[in-house]
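Some structures to go through are shown next.
Next come two complexes, and both contain chain A; in the first it sits with chain B, in the second with chain C.
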Partner chain A sequence: MKRVFLGAVAAMALAIPATAQPTGDLGLIVERASGSLLVVDQSDRAKIGRITGLGDLSHASLVYSPDERFAYVFGRDGGLTKVDILEQSIVNRVMQAGNSIGGAISDDGRFVAVSNYEPGGVRIFDAETLEMVLDIPTQSKTIGLVDIPGTKFVFSLWDAGETWIVDLSAETAEITKIEGMGTNPYDALVTGDGRTYITGLFGDDHLTALDLWQETPEPMPILPGYAEGREGLPVYKMPHLEGWALAGSEFVLPAVGQHEVLWVDARDLTETGRTQTHGQPVFAMARPDGRHVWVNFAHPLNDTIQVIDTVTKQVIHEFKPGPGVLHMEFTPRGREVWLSVRDAGKVMIYDTQTFEKLREIDAESPSGIFFTARAHRTGL
Partner chain B sequence: MNKIVLYLALSSAAIAGDTVPVDGPALARLVQQDCGSCHGLTLKGGLGPDIRPEALAHYEPETLASVILDGIPGTAMPPWRPLLTQAEVEWMVDYLLSGGLE
Partner chain C sequence: MKRVFLGAVAAMALAIPATAQPTGDLGLIVERASGSLLVVDQSDRAKIGRITGLGDLSHASLVYSPDERFAYVFGRDGGLTKVDILEQSIVNRVMQAGNSIGGAISDDGRFVAVSNYEPGGVRIFDAETLEMVLDIPTQSKTIGLVDIPGTKFVFSLWDAGETWIVDLSAETAEITKIEGMGTNPYDALVTGDGRTYITGLFGDDHLTALDLWQETPEPMPILPGYAEGREGLPVYKMPHLEGWALAGSEFVLPAVGQHEVLWVDARDLTETGRTQTHGQPVFAMARPDGRHVWVNFAHPLNDTIQVIDTVTKQVIHEFKPGPGVLHMEFTPRGREVWLSVRDAGKVMIYDTQTFEKLREIDAESPSGIFFTARAHRTGL
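Showing the complex of A and B:
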């Protein structure tokens, strides 16, 4: 979007309906301490506004409506907030639980699901009104909530080691429970086709995958004993698994308690390699084309980024953007990457080909960065 | 941050005969940001339990210090001994028990 155009919109805000403004290259950045969101323009590498009043946004995430106009923001304090990116305002806000961890939107855009720690379970809301349509208590903290095709959600139970699939396609919701996923699943991802769901386990020395195309998905341990015989290193921040894990024909996954990322063949789920890293990986995110993987790290090594070449599995670039690199978001086709550098109070934008820094944007304790293109991706 | 609490906490460290300087603001930040990544930015709990003063009141400070230093094996609570000194952990225990974050 061009700035001249933006200026024109501002000047003629009363005359032109806000919907005339495209949102395809916009995004939101969570300012975790101040409970606000920065509205950003990816093409201009600029912030264009701020939405305030969203409560405790530590560990907040968000998803977009199919038209990329609205975002649903999941706050740690249990707040579910619907914001309008064009109007840069809050449309609706409900306190739906005491302590929540993330959410997802159904493939048809009708339902928003929220994963809660307290009370443990998942609650599903009408995306239009934010009225609760289904409460799924689990007696367990829930994690790894994702959407899959067919108006379904999938999530896992930290305490019980189960994965549940909720089907909302019919009048009455149907829930399938899969036991034996492993001890303390801490996060999960689903592939962009909605077929493979992978949970990371804190309490077991492997990960577990499900083939969701099977009539009755069976837990499949992957990377069994990957840390066997090695001392578990302290984990000062749990890694995240996300739908960015597919790099070429392999998944790249953060190890837990080992300073390495693990490579797994995406078809047969066997190990294809390991890459030693600078510290405990938090995000291992494949650039959208899959050619490189960008990795950030847990405290106290969270000032560093490593870039790994997918073909050679070697670290090809390492740099220190600043203290507290919490999150990364690639532009949809991967040319640039935005990094949240919390303790520097900056979002930094890099060229992913040359690794040159292109721009810094001031932000208050920035964490998650979310571009609207996520609206069209399953499982993000 | 509550300055009186900070002052008291620093004094108690001094009384304990600790000569290693403790960087209170840095530790307070660590409590909020890094303890907060599991226990929540407001410490009311997340993947890890609530660690606000009411939740911790019935523990001995020594117990809390040993949990921070050595973690709880078999759980997600890691040992902080590789990163923090005894004096720093004692400061943190005082800080947590007195609700320094509030």
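Showing the complex of A and C:
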């Protein structure tokens, strides 16, 4: 019955001409089990359609074109799919690799880059046509692919412990390779201003930062010895870039193998505190104003959310939205938060000031939630 | 001839049905002499229409609805006009006061607030209907009106030296009054996270800051004695909120009565440096990544732009776009900047990396440029 109902909604949406539909408050929600995307309207707190046929969407992510019309969806199966959120349809789809892990769009909207495990490397596509314009083989799995200002992408090599910067601003692409990033970088993030790139390492007991504003960025080890005396567990897990949050003048990191989040001074990258949490954190996401940090947890504690105040670093609210809380997305100015509760088959919407639940939306095993406002931000 | 041509463009634009037009990369440019708004497409670097009949648009500003479809235009003549950027038409227009100076939209998009000189006070309107929902008389000119998270607005009273916080999150509005802000606050800003509110003072030789995250915000004098030994000139002019910029970990302020910009530590609000400039700065605006600050100048030096590097605090580029450079707006991720060159009747578009001019667009005495991406930001 649920499928029939949802199909009807999608068909109705398609039947309505896409007249005078603004795109500033739309979003896409990944339905991993069915390989589809739910199209949502954030202001109406409603689903307005569904786009199907996107292949394997486990661990899928997506980025938006600058006009907030097109999304580029990176599937785990190597599929790169361009969808039109206004027409609610697939525009183009290419199988560009065997196994891929995320992507990015250049600041001018011209290029889409995809990070691949199999074969290792990064491939860059024309955002208009999805034709490949550059193939960068690396003999290594690539991770931590992000966009930075100036038509550039940055990514790291798991096997070689290097970070590469690709500059596409001129006719010929220029690649800068930075060695000595550490043993087995497994994920990375860039700050919202595109200045600081930080990699987590599987094989070393620290993280490595780069100041991308320097002429020749030098690897800087930060937070050394975090795992000391803790049975040599891998230091940090950074499941996704969004697993890092800038709250006020501090970063918040989920510490893995531990039930805590870690506070780091954004300026000098030293540790400033720890907060004990309900479980092993997966995402620690700052509300856009940075006042609160919302945390979800790994299985089997993934039915719970904790909210931490960034002034006191104390947990101020805890609740259980339901089984399998996989992802959170704040509305751009932080008024509401949308949660994917996979095993309840629901997306739940909460007021971030009162913590009141405002709405539930049915979805098929929802995971990642992506609002179009991401189009205007760097490094997502 | 120019008028005829422009009229034709507007008519053509209106004839095209607004089908499948995304709104993420649109913008409005204030044409002050003709009381009109130019509708522009940032990706195409083109004008796509014109909306006329907005009254006196000198010193006009505007804000966007969360869906990036509607703009609320605050005219100097007290007119509040709601325009539809997709249909390129006026939806509603009310004369709400005799003389007004800017406005703001609440984080949930429900309320639009307008700051008035004549009569003094703030009036708050339903964003849907433009019906007045709250009249806040103050017996004073009001300045520095901004939105902050939690359906709140903040503004200051010129005559009383107070800052008021209006909370509209519940059924009944709640107003908190903070006394002792100093003598004659004449403009204010709030940081992008909505936490720090800073007022400039005409009658005191310092500025006053509030930490809005505190339960009871206390006025904190900052940058005391700046004008000392400088013939008692008013300390700072903050012509617009955008006259302040957050670049990396510092604010940049235009110092008035001086040919310099001032650097201020964003964390402790102490002075960290000064950069000599070509003239008396009007706007000092950080590129969205914070690496560069673009500065324009007061008459008669208003034909010039200087670009300052935020690492070295040195001027790295200077050029003369033309007579009367009034305003600058960066594309959301900072790739390009649009300049209003009033007396040339042009909007000019530059690449922010190469400083190359990319395009010119004819406009009638252009002033403020506002891209729809502002919908997603706090305190603009």
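Convention: the second predicted complex is superposed on the first by the 351 of 380 C-alpha atoms of A that agree within 3 Å, B and C clash if a C-alpha of one lies under 4 Å from a C-alpha of the other, contacts with A are read in each partner's own complex, and residues count from 1 in each chain.
Keep this in mind: a residue touches a chain if its C-beta (ideal position, glycine included) is under 8 Å from a C-beta of that chain, and two chains touch if they have at least 3 such contacts.
Keep in mind that what you see is a predicted model, and the values were worked out from it rather than measured.
Student: Which holds for A:358: it touches chain B only (first), chain C only (second), both, or neither?
Tutor: neither
Student: In the overlay, work out which of chain B or chain C sits against more residues of chain A.
Tutor: Chain A has more residues touched by C than by the other partner.
Student: Between chain B (first) and chain C (second), which does A:175 come into contact with in this model arrangement: first, second, both, or neither?
Tutor: Neither partner.
Student: Quick one: is A:316 in contact with chain B, with chain C, with both, or with neither? Answer first, second, both or neither.
Tutor: neither
Student: Once chain A of both complexes is superposed, is A:99 in touch with chain B (first), chain C (second), both, or neither?
Tutor: A:99 sits against chain B, while chain C stays out of touch.
Student: After superposition on the shared chain, which partner residues are touched by A:33: those of chain B (first), chain C (second), both, or neither?
Tutor: Only chain B; A:33 stays clear of chain C.
Student: Can you list the chain B residues touching chain A in their complex?
Tutor: Where chain B meets chain A, its residues are 33-34, 36-38, 40-42, 44-47, 71, 74, 76, 78-80, 82-83.
Student: Going by the contact rule set out above, which residues of chain C touch chain A in the complex?
Tutor: Against chain A, chain C makes touches at 17-25, 42-43, 64-69, 84-87, 107-109, 149-151, 169, 193-195, 213, 248-249, 266-267, 287-291, 311, 331-335, 353-354, 372-373, 375-378.
Student: Show which residues of chain A lie in contact with chain B when the two form their complex.
Tutor: 32-33, 56, 58-59, 76-77, 99, 101, 117-118, 141, 158, 184, 186, 202-203, 234-238, 299-300, 324, 342-343
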